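Input: structures, listed below.
Consider the two complexes below, in which chain A is the common component and chain B and chain C are the respective partners.
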Partner chain A sequence: MLKISLSRLEELFAAIAEKQTLYIPSDRADGAAEFTKWEPGKALTQKLNTLRSAKDFFFPQTENIVDFKMEGKNIQVIDQRSEHEDFVIFGVRPCDARSFTILDKVFLSEPVDSFYKNRRDHGTVVTMACSRPAETCFCGTFGIDATEPEGDAACWSDGEDLFIKANNDKGQAFVDSISSLLEEGDTAKLDQVKAKTKEILSRLPLANLSTATFGGDTLNEHFNSEKWAELSESCLGCGTCTFVCPTCQCYDIKDFNTGNGIKRFRCWDSCMYSDFTKMAHGNPRTSQLERFRQRFMHKLVYFPANNNGEFGCVGCGRCLSKCPISMNIVKVMKALEVK
Partner chain B sequence: MNNDTLIPHVGVVTDIRIDTPDVKTFRVVSPEGGKVFEHMPGQCAMLSTPGVGEAMFSITSSPTNKEFMEFSIKKCGCLTEWLHAMEVGQQITIRGPYGNAFPVDTELKGKDLLFIAGGIGLAPLRSVINYVRDKRSDYGQVQIVYGSRSKDDLVDYKEIIDEWMADPGVEVDLTIDNPQEGWDGHVGFVPNYVKELKPSTNKTVLVCGPPIMIKFTLAGLKELGFTETQVYTTMELRMKCGVGKCGRCNIGNKYVCKDGPVFRFDQLDALPDEY
Partner chain C sequence: MQEAMIKRAKELLTDGSVKRVIGWKRGEFAYDITPAVFESAEELDKDFVFDDFTSANVSKYLVKESKKEGKVLVFLKPCDTYSLNQLTKEHRVDRDNIYVIGIPGGPKLDIEKIKAKGITGILSVKNDNYTLKIETLYGEETMPFSEAILDKCASCKSKKHVTYDELIGEDGDVLDSDRFDMVEKLENMTAQERYDFWREQLSKCIRCNACRNVCPACTCEKCVFDNPNSGVENKAASDSFEENMFHIIRAFHVAGRCTDCGECSRVCPQNIPLHLLNRKFIKDINSLYGEYQAGADTTSRAPLTDYTADDCEASIVHERGAE
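Moving on, here comes the complex of A and B:
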């Protein structure tokens, strides 16, 4: 497999950044990792994953979708779209890489969301296999192999070298673009690292979490479960789970009057919020129980019903570590699977 | 770059009809004249005044009208108040059409039809009624049961009297909730009136109105011997995108904007009771 010494990462990043904008996960001042634009001297984080997911690259938290000029009774619609620049996201974890294929099912299904597709077409996803999964990880529950990441191209580290392999044509073009820095390397040590990682994965606390009692045809089993009351009782409706979730994609559309025209924005929204479904004539989900239930039913029942059984979760564990009341999808799954 | 459904077209309001104290009907054409897009009865469109808001409204005109689209809108919120304050010539934005439609060219074809509407619920059904009237030979008997709070709250009253009631192929049964001076027609709630009228159970029913009216009408129809597979309704939930992506109108695995707004009651039975 092609490789480059880890000591030459700076050189690798410089070569990538020469051709395209490069984003890597690096440490912020507060210690959390986040994807930022690479510039000389910026080092890859040693943390397992970024605080926020990588969905921002294709589905930004806020984006200006269209502008309007209002003159008297007339309206001018100003399409602000332009081709996105090419970019590379390096070091995406296997869970987040899978989230892109889940988001694709929403945004690339007809009618295609041109804002999302524009970014997707111009972005190259280079993934990084995991070697030190955390206690909150459960990607295996959703069929993700943390040692064999998806994405356009995938990378592995054996502690000395970074190995790299293309998964598709876009990934091959990326590998070709840096081929002068790469050399063939022996994977014997890497194979040991992978075997060790697999062994760690099998011993994780959530390794046995099962989706067996969920899926598209389990609506009636779960919707009226008495468990929802207790599970949702302490939910603050803060939406943190939604915002850190790599697959949550509900959005709002709002206008902002700049004083010199109207800017229309698309922003992340959360089904956990009380006004999410509120209309002038009423609200179909008036309690936090109903809103809480919607989020988990969507991921565990409704999404698989519409997507050949694929669940709307990748087991990244962000909601486990970020929820202020320590409620999360794992607790929901465990509670609901007990009859 | 391809068109994106979230980027709207401009529409011009060329006529505003005051239907009731809180319902106006707006005629919309494209700035170049003609319809902004084609639709089928039951489909909806996103109307917006940039800076105020954007919301989904049923298209109340029939697609057989080749010149313009109409929207009957009840004043009940921020955007609708603004729309009600508009004058002729005002531009708005419009995008669509969204959602499925009443199955006028398939399941409803050749059938005896019973339309049941309450208040502003006539708006989406008017599109079907006028479509059926324009293609009269494609359908069997047509009966319309329509009720409102008062005579003044009957939407499209002039069209009902001048055109529908004058149409020999259409039976119209009107009712208002309470007795009123100048009204010698039926008085009482729509669900009770339907039961009194005892429509033949071979009819296919299209019902729209306030949730409570729909609930009791369906119960009444069942008492009369109708089954849920004979009854269609159209729903509304909060929507932002119109294409099943923003997540707002999600009920079970359906999106009202994309998989609806028209549902048969047996289809609704399979969904969680969250609407």
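Moving on, here comes the complex of A and C:
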């Protein structure tokens, strides 16, 4: 497999950034990792994952869609769309890489979301295999192999070298663009690292979490479960879980009067919020129980019902770490699977 | 302590003194503890937990729970009793329908501080004479207890329970804390440095509203930021300063009512030190109107909703702001 010494990472990043904008996960002042634009001297984080997911690159928290300007009886419609420059996201973890597949199913099916597609077309996703999973990881539950990441191109580290392999044409073009820095390398040590990681993955506290009792055909039994009352009881109704989630995809579209014309914008929505899916007639989910239920039913029942059985969660564990009251999809799954 | 709490809760449930118990429920790991309502002895035996990670202030749940039929038992740490008093003062809870058992406070632990040491794959955390022994998937790790203490506990203001119906363990005293040290540091910065500090912090905000929703002082039936008719209800920032304004407005709204329980900073997923905004208000109120601790009692008039001839002139704000 092609490789480059980890001591030459800076050189590799410089070569990528020469051709395209490069984003890598790096540590910010408070110690948390986040994707930032690479510039000379910026180091790859040693943390397992970024605090926020990578979905912002394709589905940003807010974006302007169209502007309206009115003069007399004329309305001018101004398209805010801009063609994006090509960019590379380096170091995406296997869970987040799968989240793009899930988002694609929503935004790239008819009618195609051209804003999302534009960014997907211009972005190259370079993933990084995991070697030190956390106790909150459960990507295996959703059939993700943390040692064999998806993405346009994938990377592995054996502690000395970074190995790289293309997964598709876009990834091949990326590998070709840096081929002068790469050399053929022996993967014996890497194979050992992978085997060790697999062994750890099998011992994770959530390794046995199963989706067997969920899916598109389990709607009635779960929707009417008595467990929701207790599970949702202490939910604060904040949006933390939905905003750190790599697969939450609900959004709101609103018109904003700037005083100098109208801006129509789109922003992330959260099913945890009281005005979620509020329409002219009112709100279809008036209690926190209903909104809480929506989040988990969407990921575990509705999404697979509409997408050939694929679940709407990738087991990244962010909601497990960040929920202010530590209520999360794992606790919900375990509570619901007990009859 | 946990056993004594479960035993007492079961007694009060059994003799019909209370119908429900608010406490903490154990999770999947050593640290992911959820506030919960228990209604039976079986539930208490199975899931009730009180340990180094039961840091959540459960007093806000009383807004809802105290209005239900039958008395509710709540276990409150010293800091949490200030929140309950303030809620009582603002008529947000029915104090007569609440039975408070005061329990010892922290210091509690912050799992984020343990993870920040690079410790991962955490299977258990044990406090062995103030050394944390942490069993992980990658072997055992140790670190000093003192380095994993939650920020809100590190600057604890009081070990005294300001309201309770009974105590388990001993009551403590109001402490001399260093909680205003960082506020002083910020005050001593130049206006530009201070502006840069807050811009860096507040620009991290993802507007998840965790700080607002956990805050015992934020109990409006409909927050202005959730009300489509308010004109400021938005899930998106209209410009890059809007998140800053959200936090500044929230700090003003809880000024004089915030007890400094520290929950806002504990729950912030982006590690924004929001409590510093509230502490600035508390410090100013102390210096301009005399020492005042919100939640210390349920009857006194709060400085910002009272008038005395000694009150500082409004111009003081203008004078202090000049630089």
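Keep in mind that, in the parts below, the second predicted complex is superposed on the first by the 336 of 339 C-alpha atoms of A that agree within 3 Å, B and C clash if a C-alpha of one lies under 4 Å from a C-alpha of the other, contacts with A are read in each partner's own complex, and residues count from 1 in each chain.
Keep this in mind: a residue touches a chain if its C-beta (ideal position, glycine included) is under 8 Å from a C-beta of that chain, and two chains touch if they have at least 3 such contacts.
None of these values were measured; they are calculated from a predicted model.
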> When the two structures are superposed on chain A, do chain B and chain C clash or fit side by side?
Replying inline: fit
> Touching A:K331, do we find chain B (first), chain C (second), both, or neither?
Replying inline: second
>> Which partner chains sit in contact with A:E184 here, chain B, chain C, both or neither? Use first/second/both/neither.
In response: neither
> Touching A:L236, do we find chain B (first), chain C (second), both, or neither?
Replying inline: second
>> For A:E226, using the defined touch cut-off, is the partner it touches chain B, chain C, both, or neither? Pick first, second, both or neither.
In response: neither
>> Quick check for you: in the superposed arrangement, does A:D169 touch first (chain B), second (chain C), both or neither?
In response: neither
> After the superposition on chain A, what angle is formed at the C-alpha centre of chain A by the C-alpha centres of chain B and chain C, rounded to the nearest 10 degrees?
Replying inline: 90
>> According to the stated criteria, A:L204 is in contact with first (chain B), second (chain C), both, or neither; which is it?
In response: second
> Touching A:D252 in the superposition: chain B (first), chain C (second), both, neither?
Replying inline: both
> Thinking of the overlay built on chain A, is A:Q46 touched by chain B (first), by chain C (second), by both, or by neither?
Replying inline: second
> Looking at the overlay, does A:F115 come into contact with chain B only (first), chain C only (second), both, or neither?
Replying inline: first
>> Using only CA atoms and the superposition described at the top, report the least gap between chain B and chain C in Å.
In response: 8
> Looking at chain A, which of its residues have contacts with both chain B and chain C?
Replying inline: 252, 269, 278
>> For the complex, give me every residue of chain B touching chain A.
In response: 1-10, 50-54, 76-78, 80, 87, 89-93, 236-238, 240-241, 243, 245-253, 272, 274-275
>> Under the definition above, what is the set of chain A residues touching chain C in their complex?
In response: 29-32, 46, 48, 51-52, 61-62, 132-136, 200, 203-206, 230, 233-234, 236-240, 242-244, 252, 254, 256, 258, 263, 265, 267-270, 273-275, 278, 320, 322, 324-328, 330-331, 334
>> Which residues of chain A touch chain B once you look at their complex with the stated criterion?
In response: 65-66, 68, 70, 73-77, 79, 81-83, 106-107, 111-115, 118, 216, 219, 223, 249-253, 255, 257, 262, 264, 266, 269, 271, 276-281, 284-285, 290, 294, 297-298, 301-303, 305-306
>> Which stretch or stretches of chain C touch chain A in the complex?
In response: 27-29, 31-37, 56, 61, 116, 118, 120-123, 136-138, 200, 204, 206-210, 212-214, 222, 226, 228, 233-238, 266-267, 269-271
